[in-house]
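As written, the chains take the letters A, B, C and D, and residue 1 is the first residue of each chain.
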Amino acid sequence: MQNETRTIRAGIIGDGYTSAELNRLLAVHPCVKVVGVTSIENIGKPLADVFAHLTGCSEVVCEKLELESFLERCDVLFIALPHGLSVPLAKAALERGKKVVDLGADFRFKDKDVYAAWYHCEHEAPELLAEAVYGLPELFREEIRRARLVANPGCYPTGAILGLAPALKNRLLDLETLIIDAKSGVSGAGRTLSLNSHFCEVNENIKAYSIGTHRHTPEIEQVLSWIAGEKVTVSFTPHLIPVSRGILSTIYGRLACRMSAAEVQQIYEEFYRGEVFVHVLKSGQLPQTRAVYSSNRCHIGLVADERTGRLVVVTAIDNLAKGASGQAIQNMNLMFGLAEGCGLLHTGLIP
Amino acid sequence: MQNETRTIRAGIIGDGYTSAELNRLLAVHPCVKVVGVTSIENIGKPLADVFAHLTGCSEVVCEKLELESFLERCDVLFIALPHGLSVPLAKAALERGKKVVDLGADFRFKDKDVYAAWYHCEHEAPELLAEAVYGLPELFREEIRRARLVANPGCYPTGAILGLAPALKNRLLDLETLIIDAKSGVSGAGRTLSLNSHFCEVNENIKAYSIGTHRHTPEIEQVLSWIAGEKVTVSFTPHLIPVSRGILSTIYGRLACRMSAAEVQQIYEEFYRGEVFVHVLKSGQLPQTRAVYSSNRCHIGLVADERTGRLVVVTAIDNLAKGASGQAIQNMNLMFGLAEGCGLLHTGLIP
Amino acid sequence: MQNETRTIRAGIIGDGYTSAELNRLLAVHPCVKVVGVTSIENIGKPLADVFAHLTGCSEVVCEKLELESFLERCDVLFIALPHGLSVPLAKAALERGKKVVDLGADFRFKDKDVYAAWYHCEHEAPELLAEAVYGLPELFREEIRRARLVANPGCYPTGAILGLAPALKNRLLDLETLIIDAKSGVSGAGRTLSLNSHFCEVNENIKAYSIGTHRHTPEIEQVLSWIAGEKVTVSFTPHLIPVSRGILSTIYGRLACRMSAAEVQQIYEEFYRGEVFVHVLKSGQLPQTRAVYSSNRCHIGLVADERTGRLVVVTAIDNLAKGASGQAIQNMNLMFGLAEGCGLLHTGLIP
Amino acid sequence: MQNETRTIRAGIIGDGYTSAELNRLLAVHPCVKVVGVTSIENIGKPLADVFAHLTGCSEVVCEKLELESFLERCDVLFIALPHGLSVPLAKAALERGKKVVDLGADFRFKDKDVYAAWYHCEHEAPELLAEAVYGLPELFREEIRRARLVANPGCYPTGAILGLAPALKNRLLDLETLIIDAKSGVSGAGRTLSLNSHFCEVNENIKAYSIGTHRHTPEIEQVLSWIAGEKVTVSFTPHLIPVSRGILSTIYGRLACRMSAAEVQQIYEEFYRGEVFVHVLKSGQLPQTRAVYSSNRCHIGLVADERTGRLVVVTAIDNLAKGASGQAIQNMNLMFGLAEGCGLLHTGLIP
C-alpha cells in the first residue's frame, strides 16, 4: 500500500498531446512528480519550449528513451504513444516492478484476434492481454486498484460506455438498435501533422469520418458485451468538429419495455451514485462539452422519447482529460492507493 | 411565361439573417432587383449599415412595412419572418397577383392540426395550406413552377429529406428505424439575441438540444410520409456546433433487404441525375459543410454498412443558402420561368 | 496575520462571467469557501444550473442581495458588477470590517474627474479613491497586503501595464511614442446579450472598436504615469477576436537610446525575477494566449528592432483570470496573508 | 483590345489554396475557362477531389507540369507557387506571347538586392524585375492594362498599402512614425502542413510572429516609398488569428499637421472615388473582415485621434481574394480589356 506522503515518480513516454495533458495535470498533482518525458523530435529541449503553457511549471527536458535508466527513476510509467509500440515498454516496466498505464490501444482487447482484425497487426504479447485491466474506474474500480498494467480506454469508448452502461446493466434497451453518433474535437487526432488537422480544413466545417470502420468500435462492443452479458453490435459514427477538446456522444436505442423518463433517470442516478467524476444531469438538462472542458468529468443527460419509443443518452467528456490523460491519472491514483480524485477535482471551463 | 429580359422586382419582409442572405444572393442575380426591405428596428437605415458586407452592393434603405405600397412595387414577395406572421402578408400579396415565397413555417404543413400541435397556435388561413407548394424543387419542381405560394422548407428538413428521399422512394429502409442526427451552425437560430447564440456559450462547445421535440420533426415526417406512401416517424436530434453556417445530417436506417453499397449508390445517383444543386458523392467520399458553404448545393455521401445492416446517409448543406434563402431564390427562379440555377451557381468555400 | 487553517468566507456580488470565474477558481482553492453569490435574474437557482461546469463542484444557490445578512457571512466581498454600482456595497462592507476586492472600475482612479470624464458619471465616494489600492500585485504588492479595499485592474490595463512597466521604470522608451494594439477574446464583454457578442457576428471575424475612446485608456495612462513619474499618453486600440478568452497586447515604443536586445531582455528579467505569475520568455520566443489560457499567468516577449529603433513588447494574459478573477484572488491571497499563488498555480491550456 | 466574346483560357500552376481560390472565382467568371491546373502531389486526380467545393463545378484534372504543351493551351498563366520558382515559368510564357500573373514574390521588387536580402536567394532574371508591373490596380491601373507580366501583391502589403496610400500621397503623416499591426487568418500560410497551421495550435489562440522580420515588410516599404517620393521605413507586425480568411490591418501614424477627421475622411474618399472594390466607410464606421469575406473588396475606416495626434487607419481584406487570387483576376481583367469587376462583384459574407 502506497504511503501517501511519498511522492510518486512518473515517467512519460511520448511528447504528443496526451503527454502534454499528463504534464499539465501532474504539474498540480500533490503526490506526483514527473521525472522524465521521452521524445524523438524534441530531445534536449525543455518540455516548456514545446508546450508553452508549461513555462515556469515544468523543468523536464525531453530525453531520448533509454529504457533501463528511465525505468529506474520511475514508480509508474505512462505510455503515450500510437498503438503498436507499447508491448516491449510495458513488459520491461512490469519486470522491474513498475506499474504501467498505457494510453494507447495495445492492451485494451481481451481477444487478440479482434485487435489484429481492426488494428491490422498481430499482438506481440497476448499473455499481457489477460492481465491488463480496462481502465474505466466507474466500472472496474477494484480490478484497477490491484492492477500492475492498466489499459486506459479510448476517448470515444469512454463517452459511449459511460452513457450505455446503466441501460445495458439494467436491460433497458433492445441491443439490436444501438447507435452512437459521436462528435469530437481535433486534439483527439493528436499533434502529428495531417491535412485533417489543418486549421483551414477543420474550421467552419463539420464532417463525419470512418463510418462503420473506426477502431474504437470493437472496443466499445467488447465492453458493452461484458456489461450486457451477450454480444453487442453497435453503429458508431465519429464526427470532427471545430473545437480543440470535447466529445459529445449522442446515443440511441429502442427501449425494450415501456418505461417512464423518471424511471430511466432514477436507474442512471443510482448507477453513478457516489461517483466523483460522473454526473447524471437533472431531467431536462442536456450536457455540453464546455461544461467538462479541461476536467476529468463526464456529464450525462437522458431523454426517454415516448413518441418514438427510444432512449437518447447524451454524454460529454473532454477527450484529453476523462478521455485520456485525466483518466490515466485517475487510474494511477487507484493503483497507488491515493484518493481517486486527487489532483483532478477542478471543474470544466465556462466561458 | 416570364420574359427573361424583364427584371423581377423583389420585396423582402424582414431584416434578419435570411433577409441578409437573400440580399447577398440577389445582389448578383442577373434578373432580379431588390426594391424594398422592411424592418422594425432599422427603419430609415441603409441596409448596408446593418449588414456591412452589402456596402457598395445595395442601395436599399430599411423601411417600415406599408403593405399596400410595398406590394405595388414588387413582383415577388419574400417573407423572412418568424412563424405566425406570414398569413396576412401572403394573402394580401396573392390578392394583388404577386407571387410569394414564405421562408417561415406558416405554409409548410398540409394538416393544420399538426401545425397547431407543434407551433402552439391555430392557423389563420387553413385554405392556403392546401394551395401552398412545399418548395423543395428536387421533389416538387413542377408544382413549384405553377405555384403562386411556395412554402420554403426548413433548414433541417432540407438536409434530412434530400438524404432520405431516394431510399424511401425505393423502399430501401425499415421505416421504424429512421434516426436523423443533425449538426447545425448558429445562424440557423437567427440574429435575435439569446444566450444560446452568445459567442462564449457556443464557441469551443458542442451540445444537443430539443431532443425529440424540435419543430422541424413533423415537417420531416410529413414529407417523408408523402414519399414513402405511409406514415413515417423519425427520431430527430439537432445539435449546435460552433460554426456560422452549415448543417450536416447523419441519417441512420436499417436496410430492409440485403443490398450492396454499389446498388445503393446507383439508386441515389439515378434519383438525382441531372440536378444542378444536389451532388451524390463518389463511393468512399463523405460530405463536409465547408464544401457547400455559402452555396445552394447539397452534398450526399453513402455508407451501406454490412456489419450492422444499416445504411448511413450523410448530407451537407448551408442552412442559410440551400436551407433557406438560396432555395427560396431557386424556387423563385422556377416560379418565374428562369433557369433554375440562375444567380446561384457559385461553389462552396474552401478554405 | 491570517491563520491559514481558518477558511476564508467569500461572498460574491453578481453572477456574470467574472463571478463564474471566481467560483471556478475558488472551487479548488484550499483556503476559501464561497458562502454566497447574488443575482438578479437567477435568484433561487443553483449556480451550477447557470454555469454547468460547476455541476458537482458548487452548492451555492443564487440569492437576492440582502446586504446586511450577506456581509455577516463573509470575510471578503468580491464585487463583480458593471461600473457605477460598487460604492455603497464597498462602503457597507468596509464599515463592517470586511475586506473588499472590486472587479469593476469604480475604485481604479485616483482622480475623480478622470473617472467622471471617461465613465460619464460622478463618483459617489471620492474619499474611497484615496484609500483604494490598485490591485496589480507585481507593482503594488505591499500596499495590497495592507489594503482593506482593492481596485482590481481592468483586463486590458493588466496586459498593457505589465508589458510597459519595466521599460518605463528604466526609461527605455520615448514616452511620446507609446502605442498599445490589443486583441481580446469575447468574454471580456461579459455575458450580457449584445449583437457584438452574437456568435455569428464574432466568428470568422476580426475588428477594431472604440479606437481612441476605450475606457481602459485613462486607467493605463494613470498607472504608466505613476511608473514614469510624468504624464504619459498612449494610443490604445482594442480588437475583438473570435476566441472566448485571452488578450494579446502588442506594444510599440521608440527606444530612447540605442540598446541591444540582450540588454532589454535582462532589464525585463530582472524586473520580474521571482514573480510567480509573470514569465519573461526567452529571447526569440513570443507569447500566445493559449499558453496562459485559464491560468493567472502573464507571458511577456520582447523584440528590440534595430532597423526601426523600436521596442515591441508582446504580452499574453487570460482576460478572465489574470485580467479579472484570478488577479482578484491573487489580491485576496495577499490581503489575507496567504501564499500569493495559493489556488492559482495551475498552468495554461494547450491544446 | 480583347474581344469579350472570346473565352480566355487560363492555366494555373499549383494546387494550393490560392489555386483553389482562383478556381472558385473563375468557375463563375463569364469570360474565362480554366484549361489546366498543375500539381505535384495530386497528379491525375480531379481537382474537385482535392477541393470538394468544386464538386460539379470543375472538370479539371490535376496534371504534371509539361510546360510547352501547357502553355500552348493558355492565354494567361497564373503562377501560384512559393517564391523562388516563378522565373523560368514566366520567361517561357512571355516568350510564347502569353500573359502572366505571378501570385508569388518573385517579381514584386524593383531592386534585386532587396529581394536577395529578404528572401535569401539571388534573383534569376533581374531584367524581368524592370518589366514586371506591381499589380495593385487602384495605384497602377494603366501600367497593368499594358503589362505582359504582373507581380500580384502580397496579402499584407495589399491591406497596408491601400490603407496608407491616400495619406502618403497627401503628406498627412510623419513618415518616421508608421506602424502596421496586422492580423491574419490562417489560409495566408497556405495548405502546406506545419505545426503553425495545426488546428489545435491556432484555435482559441492569438499570437504575433516574425516581428520586424516578415518578408512583406520590404514590399510595403518599396511601394510606400514610391508613393511618398522618399524612403519609407515601417514597423510591421503580423499576427495569426483563428479565422480561415481575412486580414485586418491597424495602421498608426502621427499626423504631420493639425487636421480634422472630416478633412482626412474627404481626402480618402476622394482618392478612392469610383473604385469598384475599395470602400471608404462612413465616419464612425470601422471595418471587419467578415464584411469582405470571400470577396475582392477592401474596406477602410479612419480615426483621426485629436488627443494623441495620431491617425489610425483600419483596412479589411480577404487575404485569398483581394489579397491574392481575386486581385490576380482583377489584374487579368485589366490585362485583357475586360471590365475590371468582371466575375468579382459578389459581396462579402455575413453571417
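Keep this in mind: contacts are C-beta pairs under 8 Å (C-beta built on N, C-alpha and C of every residue); 3 or more make two chains touch, one makes a residue touch a chain.
Owing to the predicted nature of the structure, the values given are computational and were not obtained by experimental measurement.
J.: Tell me, which chains sit next to both chain A and chain B?
T.: Common neighbours, chain A/chain B: C, D.
J.: Where centres are the averaged C-alpha coordinates, which chain has the largest centre distance to chain D?
T.: Most remote chain from chain D, centroid-wise, comes out as A.
J.: Report the inter-centroid distance (CA atoms only) between chain A and chain D in whole Å.
T.: 46
J.: Where the centres are mean C-alpha positions, what is the separation of chain C from chain D, in Å?
T.: Centre-to-centre distance between chain C and chain D: 39 Å.
J.: Between chain B and chain D, tell me the centre distance in angstrom, where each centre is the average of that chain's C-alpha atoms.
T.: Inter-chain centre distance comes to 35 Å.
J.: What are the residue numbers in chain C that touch two or more other chains?
T.: Residue numbers touching two or more other chains: 17, 186-187, 191, 200-201, 203-204, 242-245, 287-288, 290, 293, 350-351.
J.: Using the touch definition up top, name the residues of chain A that touch chain C in the complex.
T.: Contacts found on chain A: 17, 20, 24, 27-28, 49, 51-58, 186-187, 191, 203-204, 244-245, 279, 281-282, 285, 287-288, 290-295, 297, 299, 320, 345-351.
J.: Using the touch definition from the top, list the residues of chain C that touch chain B in their complex.
T.: 17, 186-187, 191, 193-195, 197-204, 242-244
J.: Quick one: in the complex, what on chain A touches chain B?
T.: Within the complex, chain A contacts chain B at residues 177, 179, 181, 183, 200-201, 203-209, 211-212, 233-235, 237, 239, 241-246, 248, 250, 252, 286-290, 293, 301, 303, 305, 307-308, 310, 312, 314, 316, 350-351.
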